[in-house]
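Let me give you the structure first, and then I'll get to my questions.
For clarity, chains are labelled A, B, C, D, E and F in written order, and residue numbers in each chain start from 1.
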Amino acid sequence: MKISARNAVKGTVKQVHPGAVNTEVVIEIASGVEVVSIITKASAESLGIAEGKEVYAVIKSSDVMVAVD
Amino acid sequence: MKISARNAVKGTVKQVHPGAVNTEVVIEIASGVEVVSIITKASAESLGIAEGKEVYAVIKSSDVMVAVD
Amino acid sequence: MKISARNAVKGTVKQVHPGAVNTEVVIEIASGVEVVSIITKASAESLGIAEGKEVYAVIKSSDVMVAVD
Amino acid sequence: MKISARNAVKGTVKQVHPGAVNTEVVIEIASGVEVVSIITKASAESLGIAEGKEVYAVIKSSDVMVAVD
Amino acid sequence: MKISARNAVKGTVKQVHPGAVNTEVVIEIASGVEVVSIITKASAESLGIAEGKEVYAVIKSSDVMVAVD
Amino acid sequence: MKISARNAVKGTVKQVHPGAVNTEVVIEIASGVEVVSIITKASAESLGIAEGKEVYAVIKSSDVMVAVD
């Protein structure tokens, strides 16, 4: 499946924190660069998310804000 | 200003494509890893977005989806 | 690729309206039921979106609001 | 009230799963076609969401991604 | 229609800037407090958005970030 | 830090409701005008969110819908 979201950054799952409804997934996308994702617990289980798994962080370009110091 | 969005990834602006209303900003967040952002043209101008500028890609954790092959 | 977004509804592209930056795509997901999507023009071209094409409308569950009369 | 979100798809609530803060609502929008929505528990209660209730799934067009096989 | 989005703040349209696809709407929600909205031009026309019109700014609670100095 | 989100409305925290993963924050942005925000508990703690604190409600313009009666 190919999707219209512009960003699909390859990474490795570093941590998984399951809650009641949602699961927090920490993905290392480059050495020392991590992004935090919150997805539903049902999705995390269905995708087999676990530490060490290779995944993509998928982000729509309109969900990427830009900040400057 | 400190914000509740969990992800603020440091990077460098590689390309800026201004449209009529929105501007597309390509940010290199690690060697060879780029994310595309679409912000309003007004914001891009107000922030002084230009090639080479150091910026942060700011993303809410609930806007980061996870995909697997 | 399998994604964490909970909704991937199969449908057929009915109309494509390309703009300068974004493209509006009308997808029929059931007889007489259409959803409108706005994606970047670059994505629409990269995915080969055209009338009659079979696609999925992919929507995060937290982006589905509920309304009552 | 009429809203700017482009998609308001009529459907029937099939399942309601209340959590601590959020409630998952499964809406059948056509025979065999369901969408999953996550709204706050407070909203679900205030709207009287229950199995069998007629509701609308309301989705902004920019929140509808498109995927192809 | 009653919607699950938690915030529906009453206001008055101060400015309307139509673009090719999107329209920017400036809404005064309290004396001297304005919020900027971008909706599709089709929606703006369908809702009859014009200066002086009484409207609601509708925002999901998960789309409200919090920042501190 | 200056961010591309167009709306940063000053306000005062009126209520804080921490959940397991998320925290609900009620912000008064003008006399009698409140907005509800849901952020992660980790963010709320990291920002020191508490009743009486001065904060900004930060909202992307594309996340502000418009409704009319």
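The rule we apply is simple: a contact is a pair of C-beta atoms (placed from the backbone, for glycine too) under 8 Å apart; a residue touches a chain by one contact, two chains touch by 3 or more.
All figures in this text were calculated on a predicted structure; none of them were measured in a lab.
Enquirer: Under the touch criterion given at the top, what is the topological distance in steps from chain C to chain D?
Expert: When the steps are counted carefully, the minimum from chain C to chain D is 1.
Enquirer: Hey, how far is the Cα centre of chain A from the one of chain B, in Å?
Expert: Each chain's C-alpha centroid was found; their separation is 17 Å.
Enquirer: What is the distance in Å between the mean C-alpha positions of chain C and chain E?
Expert: Centres of chain C and chain E (C-alpha means) sit 24 Å apart.
Enquirer: What whole-number Å value describes the gap between the mean CA coordinates of chain B and chain D?
Expert: 30
Enquirer: Send over the residues of chain E in touch with two or more other chains.
Expert: If we look for residues of chain E contacting two or more partner chains, we find 1-6, 8, 20-21, 24, 37-40, 43-44, 47, 56, 58, 60-62, 65-69.
Enquirer: What topology does the chain contact graph adopt: line, ring, star, complete, or other?
Expert: Graph shape, chains as nodes and touching pairs as edges: none of the named types, so other.
Enquirer: Hey, which chains are touching each other here?
Expert: Here the touching pairs of chains are A-B, A-C, A-D, A-F, B-C, B-E, B-F, C-D, C-E, D-E, D-F, E-F.
Enquirer: Applying the document's contact rule, which stretches of chain F touch chain D when the two form their complex?
Expert: The touching residues are 19-22, 24, 38, 62, 65-69.
Enquirer: Could you list, by residue number, the parts of chain B that touch chain A in their complex?
Expert: The touching residues are 3, 5-9, 24-25, 27, 29-31, 33, 35-39, 43-44, 47-49, 53-69.
Enquirer: Can you list the residues on chain F that touch chain A in the complex?
Expert: Within the complex, chain F touches chain A at residues 1-5, 20-21, 40, 60, 62.
Enquirer: Touching chain E in the complex: which residues of chain D?
Expert: 1-6, 8, 37, 39-40, 42-44, 46-47, 56, 58, 61
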